[in-house]
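Order of writing sets the chain letters: A, B, C and D. Residues in each chain are counted from 1.
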Amino acid sequence: MFKKLIEESTGKSPWLFHINAGSCNGCDIELVSVLTPRYDAERLGFKLAGSPRHADIVVVTGPVTKQSLPRVLRAISQVPEPRCIVTMGSCPQSGNVFRGSYSVAGPLSKYVHVDVDVAGCAPKPEAVIDGLALAAQILKEKRGQMK
Amino acid sequence: MTIVIGALQYLGYVLIFPGFLFCFLAGMLLCGIDRKLVAKMQKRVGPPVLQPFYDFFKLCGKETIVPAAAERITFMLAPLVGLAALVVIQLFIPVFGFTAFSGMADIIVILYLLLIPALAIILGGAASGSPYAGVGLSREMVTIISCELPLVLVLLAVAKTVGDEMGTGLCFSLSSIAQYQMLNGSLITKISMVPAAVALLLIIPGETGNHPFDAAEAETEICEGMLAEYSGAPLGVFKLSHAVKMLTLTSLFVALFLGGLGTGILPLDVLLMFLLCAVITAVAISFVHAVTARLRIEQIFKYYWTVVSALALISLVLAWYGL
Amino acid sequence: MIMLNYIASFFLIGLGLYAIVTKYNLVKTVIGLSIADYGVNLLLISIGFNPGGTAPIFTWSELDYNSFFVDPVPQALTLTSIVIGACVTAMSLALVIKLEEQYGTIDTRKIRRLRG
Amino acid sequence: MNFLGNVLSYQHFPIYAIMVLFLGSFLIAVFGENRIARNILALLSITASLGFILKLVGPVLMDGEIIAYWMGAREPAGGYAIGIALEVDALSLFFALLVSIAVFVSGVYSIQYMNRDDNEKEYYTLYLLLCGGVMGMVLSGDLFNMFIMVEILTFAAVALTAFRNTVRGAVEAAFKYLVVGCMGSTCILVGTAILYAQTHTLNFAQLSQLVPGDVNTATKVAFALLFVGFGTKAFIVPFHPLAADAHGAAPASISVIISGVLTKSGIYGIIRITYFLFQSMGLGTMQFLLVFIGSLSMFICVTMALAQHDFKRLLAFHSISQIGYVLTAVGLCTALGVSAGLYHAINHTLFKGLLFLAAGAVLHETGTTDLNKLGGLAKKMPYTTVLFLVGAFSISGVPPFNGFASKWMVYQATYQKAVESGNIGFLLVTIIALVTSVLTLASFVKVSHSVFFGQLPEGLEHVKEVSFGMRFAMAIFAVLCVVTGLFPNLVTSYLTEPAARAVFNVAHYIEAMGFDGSAVTEPVAVSFSHVGTWDPVSWLLVLCIALLSVTIVAVGSKYDNVSRSKAAATESKYELFYGGEAQELSQLGGDDLFWGFKHNWRGYFNYMHRLHSGIVNDYALWAVVDLALVMLFSLIVL
């Protein structure tokens, strides 16, 4: 019963940690707008966490530049299990307009397993919320598989 | 036989009624009500009232990472000590006429016991070795210093007022303060106590580390300060401690200033006290949260040592001259 | 007559204190301590002085209620005080030598590593 | 057999307790070349002294007997005391007990702590001289003897401050201490001389009989001189910079004695002259003087401590701050106040001793006490960390440690005094005391963060835990801290209340020496009633049950779901979280930790910094000004 409770709770309380891996700030602003009164993702339990140690979902924006890659990977590794990685915007998935640049190391999926991709440049808040809700479901499943 | 029953009764106090279970449920509910209210004030839908429970259980299910640089024993023990100390304080605060453990601590002791949870979080943060924790603990300590002066003034004013009325000149005992109010009506009805009550209302968000006095845990600038390295269940215990601290301080307010409203029937009293706590949370924490922006640490200090202290001092001087 | 002693002793104590407070030379500070000490010695010995009294050296059989002598106790105190004064001077001069070695100066305004 | 019985009668024990220390000092000076012989001699004499004092606890503290001991059996003749006397009442014995415990622990600690210094022979000689001086001072029944002992302890303390003369500022500190200390001693001597000129006696009991009835200009001046003289020994404001310099530079075992014991001897002197010699504590103005100086010491020194970044210098300022509590409580002139003050005095000796020893342990292993250069020692020195935390909690008044019990009594005493006397000034004292307490906590949070927690700086990777002997000495203090905190009723009823009764029973003190004490009127009725309640044992029991149940729930559920970091310590997962940059050393300096507080008080802090200029002339000037003010005060009010 207790395990069930935890599993249910995991789906209802996903905390986000946002990593900017060389983004143009477009997606960052959209992510913040998700938490504003208009869209209010907090009603689903979403909350921005300050430290990766507190987070469940890592949201990566930007094309993952060479400078940022080791930092992104370290921050992701510091998130306790179960965790979910969400890429936001087209940049971390394909490189978008930055593709082929000398300084871009992406896409992110070359280095870590990415659970959810939210495409768009920048994605609409509705799409972001949808992606995050999906991530929360995945998180719940991952929790169920633990032990 | 009577010893066994007595021991069981006290164990029940510690574990169930004013103790753990009550603290856990009531504190988390208060926290949820606070979040919901803030959301409503900001025209949001807001999280469900049970959200703090979800957060807590989720954190219990997460992996706990102890950084290699951390001092392991202190790091893991600090949240538990902080929570236990808070629950023990809750045992001393009377629920109108009812006190679980009377004759063990007075208001000066409560003042010092309130330092232990803060000290636990400070030492836990220090033990993690993170520089964010260093900045956080420095700010937390300054916040404690800031709140201490007005809180002292408020408590001394209450001690003097009740003592004067009872003819002893001084009264430090919380249960006597409660009894006095049961007989003579709430202290808030006295003119001299009104500034003190307002001051205590302003102290509550500072003591609990709520917005706008949360410079110590500013998640956007210093990664939640002392909690930066905590993850999983210990973090959950800290979040729980925060919720219980809200309950403790609001019920301290009820005990000090609204003590005369009790009915004498324990379950009703408990319900009434919880409602009053929720009202005070709404006024002192949620409303203040919704209408203000975070203060810098030196502004917090200045604010508490000037405005709030002045309010409390007015009350103390009025109480001194018996108004 | 004895009044002059008292005035002189308090003058000496005052002079010693003045030297300690105003002189920035360590040796002068030590001299100030010594002067104050001499003032105290003078005070002590004046307290015990009875005009016309003899030296307080008696055997039990000689001592009666008509004996008139100066008070011996302050003399004992003075002796002790002189010894202590010598100790103060010796110790402080030893410290001054060490300070000169370490700081290269005996100016008190420059010997202030410990402050604030 | 009869002779032996006579020699072993406890009547002689006070002088034995003093003499074994001096004898040990002499013997070490003669035979101390051999390390083992030296250690055995030192331990033997301090243990013997402790034993003699403990033996006296029964008759003096429990039964309330006063031991009047005339050296060489020279009893008073013709109504005047001509011999040298020791007079041991409960107050004296209380302080002697404090002294002997601190001396014992610090002696045990020295043996390991000083093993890297040379000239150990001189160290132990001076050490025992210092201890003998303090012991002699608190047991003496004679004003001039007290002066001699004060001089002995001042000299020994000065010499020991300069003992490690290569340490930064050690000689400088010793010189400043010598100059101002000697000014203080001179004051005591002049005061003694004036009193002798007025009364023709040096015996305390007889002075207490004669002086109060004969207050004239001369005795008023004498009061001011004695007060300031003992004030320099207690390092109360304005003599606190000397304490900071001396404690900071001296070896830790000596800092324990200087801060834990020597300052207490100053307080003892002040109690003797105000309550006994002049019996002036019934005067509101005299209470004002003591409480004012006490509160000033309390507050100024705690703020000065917040600005320090040297471990031992910080502790030194705290030491004066705590002495301020003692002086304030004693100055209230209520039975509860005196009892609270004495309780805080014993607690201060214990926790400050512990803290200085912990600082010494850090210095011994790392070679520095600079807070900006230390950090993360908790992983290297776990026992020292725990012991330090006990001391830090005690001094900051965290329940259930002893500092809280005594501070709590001080608050009650001051507030009660405020209510009883209707004087709103005492209320201010309560508030200052409470705020000082939280500032003390802040300063020890700073120390524990910058020394024991936080990050380990480079160059300290090979630090080891200190040896068993040093840990043992610290553990004695730590256990005593916990015990005196958990059983405040035992401490007050067996130690401080008898001593407080002795303070308010001057007539008995005079009569025990064979003089007439009938003229003495006691300033207050002796009553130790509290208004508050604090039951540390039950509280601790409840806390333990609570903690146990949390722990059981925690361990039983997912709390132990911990990734073991040992195997994979190099993985990035177990590194600290930084804002994206690689893990690097970014230890926070102790200096700026409480920026938010200091910023608001920057005017005050800058002013204080300028004021404590480190120039010996300034400190001497403060002493002279203090003397002038106290003299003016006593001429007006006494």
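Operating definition for what follows: a residue touches a chain if its C-beta (ideal position, glycine included) is under 8 Å from a C-beta of that chain, and two chains touch if they have at least 3 such contacts.
None of the values given here were measured: they were computed from a predicted structure.
Taking the mean of all protein C-alpha atoms as the reference point, the chain centroid lying nearest to it belongs to D.
Ranked by separation of Cα centres from chain A, the top chain is C. Look at where the CA atoms of chain A average out and do the same for chain C: the two points lie 82 Å apart. Centre to centre, using the average C-alpha position, chain B and chain D are separated by 35 Å.
Between chain C and chain D the centroid-to-centroid distance comes to 30 Å (mean Cα coordinates, whole Å).
Among the residues of chain C, none is in touch with two or more other chains.
Residue positions 60-65, 132, 223, 228-229, 232 of chain B are each in touch with at least two other chains.
Across the assembly, chain D contributes residues 557-558, 563, 573, 575, 577 that each touch 2 or more other chains.
Inter-chain contacts occur between A-B, A-D, B-D, C-D.
Every residue of chain A that touches chain B in the complex is listed here, in rising order: 5-10, 12-13, 37, 40, 42-45, 48-51, 53-54, 56, 78, 80-82, 143, 146. Of all residues in chain A, those touching chain D in their complex are 2, 6, 51-53, 68, 71, 73-75, 77-78, 80. On the chain D side of its complex with chain C, the touching residues are 82, 144, 148, 151, 155, 158-159, 162, 165, 168-169, 171-176, 178-179, 182-183, 185-186, 189-190, 192-193, 196-197, 200, 202, 244-245, 248-249, 307, 313, 608-609, 612-617, 620-621, 624. By the touch rule above, chain D contacts chain A in their complex via residues 557-558, 563, 571-573, 575, 577, 580-581.
By the touch rule above, chain D contacts chain B in their complex via residues 376, 378-379, 385, 389, 393, 397-399, 404, 408, 411-412, 415-416, 419-420, 424, 427, 430-431, 434-435, 438-439, 441-442, 445-446, 448-449, 453-456, 531-535, 538-539, 542-543, 545-547, 549-551, 554, 557-559, 561-563, 565, 569-570, 573-579, 586-588, 593-597, 599-600.
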